[in-house]
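Below, each structure is written out as structure tokens.
Each of the two complexes below includes chain A, the first together with chain B, the second together with chain C.
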Partner chain A sequence: MVSRKKKIRNAVNIFILLSPWIASFLTFKLYPILFSFYLSFTRYNPIRGRPPRFVGLRNYHHLFSDPTFAIALKNTVLFVVITVPITTVISLLIASVLVSSLNIRGKQIFQSGYFMPVVTSMVVIATIFSYLYSPNGYLTALIKFFGADLKYGRGILADPRYALPAIMAMDIWASFGYYTILFLAGLQSIDRQIYEAAAIDGAKGFYLFRKITLPLVSPMLLFVLVINTIRSFQIFIEVYVMTQGGPLRATTTVVYYLYETGFHKMKMGYAAAMSYVLFLIILSFTIVQKLLVRYQR
Partner chain B sequence: MRRLLLIVLAVLLTAVVVQGKVVLKFWNFWPDKWIKPVIEDFMKQHPDIEVQIERLTWSDGFNKIVTAFAAGDTPDVLELGSTWVAQFAADGALLEVHPGNMLSRYNMWDPVIYKGKYYGFPWVISTRILFYNKDLFKKAGLDPNIPPRTWSELLDAAKKISALGDDIFGFGIKTGQYTTWQTFLPFAWSNGASVLTKDWKKAAVNSPEFVEALDFVSKLTKYSMIDSNLNVRQAFMQGKVGMILDDVGRIKTFKKNAPDLNFGYAMFVRPDKLWSKPIQFGGAEVIVIPKNTKHPKEAEMLAKFIVEKNSAMAISSRIPTLIPADKSVKDDDFFKKQPGFCVIMNQLQFTKTPPAHPKWVEIQEVLTEYITQVYNGAMSAKEAMDRAEEEINEILEEFEEEYGD
Partner chain C sequence: MVIRKDWRYRTKQFIAYTLLIFVLTTTLFPLYIMFATSVKPEGNILPTWDSLIPKKVTLRNYVDVWKSANFDRYFLNSVIVTFSVTFLNIILDSMVAYALSRKGFKGSNFVLLIIIATMMIPAQVLMIPLFILIKKIGFYNTYWALILPFSVQGFGIFLMKQYFDGLPKSLDEAAMIDGAGDFKILFKVLFPISKPAIAVLGINTFLTTWNSFVYPLIFTNTDNMRTLPIGIAYFNTIHGIDYVHLMAGSSIATIPVIAVFLAFQKQIISGLTRGAVKE
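Up next is the complex of A and B:
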């Protein structure tokens, strides 16, 4: 039995050890989140030297009639709805192959290879891809070979129809490695014996995958879906480096529009409101995903 | 224990009070190594002022400045890009300055004037010129020693060079969030057009001269590579583009980074009209004084010292194509020996800056959108500019309501 005094002593020690992190969390995470919430109900120009002016729900109201925000929302949702399933499927398939008993030489090399884009700075990746997408770039030539009609002298990123898909493709390439690793962990935790038992009953191939692997990996699947969705809703760096929201707003995402509004147009209150709307959207998507996966089970 | 604490506090307080020296903070975008000698010089001449320098990076310097103003924790003297000054001046964030006789001795005051008052001092200035690939000129049957001087010559050269091959382009048109209008506006300016009327109350983008310029450039797109600043420049260095517009600093960097490139450079082109001038984009680094400085007089002294030719040389001697705004430069031996000196000094006579309007960010957004539509062939120049004029007028009205006097 630990004495009361010792318990309190312990608690105090723990608190002291945690205090640096608690202090930094309160100052750099919690406070900005709350201040941002407050800002979303104000009009605030950061360089004017005047304090934020309370305007109630006006910012939120304005979002409904802002055509650029509608475009940003559309682009962002499109981005999420297309890249998340594709990335998830690719990474799950690759992980299944890597974990199976197929004797592929250099499995380790593939594993590290798939992960390399993940540990490379997105700014570097975006810069290099913007060369590949330039009028003389390899990927542009490839697309033209397959019949894309790009105007003379223009690269993929200059065409409003292809710019967003181009960024999506790059993002899928850059991020699937991370989820592959996660799925590897998930798949490796499945007991081999289940597969052996099923094999005895005559199950094989895709049926095996659908009825056994999928249900057993579904916790990891949910996790991957959720974090991928949350990340994809916040896409910013690729747009900032490659297209700055263009051409003609084709690649403007919510976070990019938010950044422009706050830091270029000096409308911090409006930008804060945008960020909270985005938060609510991501939250709803996450809840829906959770319910769906639970329903599947 | 308590007494010791009191003594320590007393000593510290006295130290602070006795300090007496005026301390100025100077934020700029250049290496400390370059700026330090200038500051030390200043401190020698003014022993009761101490100056602390802090360096900003180009990638996040602007964000840092905005944050500093928002927090009320600004330096006493600050370097800003010329296109940023208007916003800060309109929001009352800068101290008004009195240039006096500096007005005639320095170039490029336009960006720092707001509602007839001055809010900064031009420090170093630069502009853009035409670069062309002499080898491609030869191949296309053009004289490599005679660069195009007029719009028709430019179009002709671009046509001939584009015909050389699938992956060769005659001209490079740069696009990007700010790049699109920076590349296009000089054509409009050279044609006598401008974005806003003189009193800034209305848009002037649908004037016949403006539309004519846009028409011309959209003809040019048929023979041009259209991509970001970096990619167009890269392609030029690789010998794939016949002509581009770029900062005068490239005279040196092209020689260094593309030694096999046989290039020439010249002033910008002008319309085929009798009195037209080749007007290009003029940029400047400007020294401003944030309003809530505690030492306005000393700050103004420091600012004036920094922009003098001898101090501005701290940057110009390392980057000779960033020229001191101080006009006495044109007789300076150091500059006379720099390659392209004549071309640069000539072009500097014909520069213009975009309107220093606080809502310029939103105005240029509209401009970029419609220029892009025209480049894509989705609209005619006239139609695009008519629509742009409407939208820009809306922005101007909104501004008058919010900031109007």
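Up next is the complex of A and C:
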């Protein structure tokens, strides 16, 4: 009898311990995901006060002929394929130099400095750069010095040709410190004796990097590529604060368009469909990257 | 290894330092501009060499945004939300972690699997349905909306579980013989010796919540419910060219995180790399 009582008590305890997670999972994860999936097959404007109306695949169908979505997707893919490689190269280079045999002094200072933008709010960063890119900004002055012809003395963000590259540059600035730290962790776990042995065999410089560092750091490299790709596909705050998708849609990204569709135009069903399509795109990119890891091993 | 001090080594070292210092300057320059502009008397914000260093330093802009632009309220909201979310995560994540680490129940691996899976759901899929849900249950434009959905998180559960797994089970057994129940073991025995993990969890939750933008943006609609990031974004859209005040507001949001970062670098970096090493 006593053991039975104990067993029940144990089960009750387990349930109480898990209950915060169970409640949160059901309410804020599982239900929204299922509801959103249903919503993506409906037309729903919460302002009108009518329940969602089922429209089948119309939202998805419409998405593929929506010219703004095409532009948003193009901008987002451009953003990913340009920023991700550049950020990766910069952060791997800096991490390699910091742990190299060059005996760099003040590692801690460099590391902390590079990391500072990472802890700073993206809204703050976007605000600072709005100023730097404005007609009165230092970066506007700089690119004018290098011969950029900005129209009518306006800032960088007002020019459709420069706006998206400007946001890309800012994103690289804001995020490379995070990946540098990850690469440092990866590089520091490599046994120094391997390098010493290779050095005795006469290997050096780039050869050493390609044949020893790169293969050993490749799990971290792929991790960095995956998380940076996922993050970059979701770029939103920068666009919201700096350009609101303009000028002339030059900086409209998928998540910004999703936000605009859902929260300005109040087309919630259509926005839900968009979120699922983006999710599938991100998922397929991630799977391809994971397969590449497996292929490499 | 013999340290070679020949000219080639020296040249390489010189190039390395040049690169590192150039990148460091580039990284710190925008942050410097923020602080420098925030203490300038209104006026000279033109991009000249001359205006790089403020000649007169004033805290006037800070007083202005704090008093008349409602930044005191934004700051208070940010503090309330950040501390509540951080506190709840420390308590609730640990409870779940304790069950997973110590209770060895049927289906615990399945629970773990679901936690991993939910960590991978991208935020934009949840944006629309969470907004509708928050409206429906009456949390819209309240602190509840900014706190409850984020009070239990996979990152913290994992972190604490990992740490608990590394603590000897003999501790709990000894306490159990003394008649302690699960909650007493968790909070009186394991908690005091889990400070490093709690610090990592607390500081990282603090940073992400303090800087959180998307959900506070869509869950609130009145000025007095805005947190600092939202307040800055709105100030930006209304007074877009009033840079001295914008930078003062931005500094108010940034000084706490930079202070926390400088004080707890080790824990922050360990929290960030932990996620990576797990993969």
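Please note the rule applied: the second predicted complex is superposed on the first by the 276 of 297 C-alpha atoms of A that agree within 3 Å, B and C clash if a C-alpha of one lies under 4 Å from a C-alpha of the other, contacts with A are read in each partner's own complex, and residues count from 1 in each chain.
The working rule: a contact is a pair of C-beta atoms (placed from the backbone, for glycine too) under 8 Å apart; a residue touches a chain by one contact, two chains touch by 3 or more.
Quantities reported herein were computed from a predicted structural model and do not represent experimental measurements.
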(request) Label the relationship between chain B and chain C on chain A in the superposed model as either fit or clash. (result) clash
(request) Figure out whether A:Val277 sits in contact with chain B (first) or chain C (second), or with both, or with neither. (result) neither
(message) Output check: A:Phe263 vs chain B and chain C. Expected answer is one of first, second, both, neither. What do you get?
(response) both
(request) Answer with first, second, both or neither: which of chain B and chain C does A:Pro46 touch in the superposed model? (result) both
(message) So in the superposed three-chain picture, is A:Lys29 touching just chain B, just chain C, both, or none of them (first/second/both/neither)?
(response) second
(request) Go through the superposed model and pick first if A:Met168 touches only chain B, second if only chain C, both, or neither. (result) neither
(message) Going by the contact rule set out at the top, does A:Ala250 touch chain B (first), chain C (second), both, or neither?
(response) neither
(message) Once chain A of both complexes is superposed, is A:Val80 in touch with chain B (first), chain C (second), both, or neither?
(response) neither
(request) May I ask you to name which of chain B and chain C touches more residues of chain A? (result) C
(request) Could you say whether A:Tyr131 touches chain B, chain C, both of them, or neither, answering first, second, both or neither? (result) both
(request) Check the residue A:Leu92 against both partner chains and state whether it touches chain B (first), chain C (second), both, or neither. (result) neither
(request) Find the residues of chain A that appear in the contact set with chain B and again in the contact set with chain C. (result) 46, 130-131, 134, 136, 263, 268
(message) Using the touch definition from the top, list the residues of chain A that touch chain B in their complex.
(response) 45-49, 130-131, 134-136, 151-155, 157-158, 160, 244-249, 263-266, 268
(message) Which residues of chain A touch chain C once you look at their complex with the stated criterion?
(response) 10-11, 13-14, 17-18, 20-21, 24-25, 27-29, 31-33, 35-36, 39, 46, 90, 93-94, 97-98, 100-104, 109-110, 112-117, 119-125, 127-132, 134, 136-138, 140-141, 173, 177-178, 181-182, 185-186, 196, 199, 219-220, 223-224, 227, 230, 233-234, 236-237, 240-241, 255, 258-259, 262-263, 268, 271-272, 275-276, 278-279, 282
(message) Show me the residue ranges of chain C that touch chain A in the complex, using the header's touch definition.
(response) 1, 3, 9, 12-13, 16-17, 19-20, 23-24, 26-28, 30-31, 33-34, 37, 45-47, 92, 95-96, 98-99, 103, 105, 111, 114-115, 118, 121-133, 135, 148-149, 151-152, 157, 181-182, 207, 210-211, 213-214, 217-218, 228-230, 232-233, 236, 240-241, 243, 246-247, 250, 253-254, 257-258, 260-262, 265, 268-269, 272-273, 276-277, 279
(message) If we count contacts the way the header does, which residues on chain B are in touch with chain A in the complex?
(response) 62-63, 66-67, 69-70, 72, 87-88, 91-93, 167, 169, 173, 175-177, 221-228, 230-231, 234-235, 240, 291-292, 361-362, 368-369, 372-373, 376-377
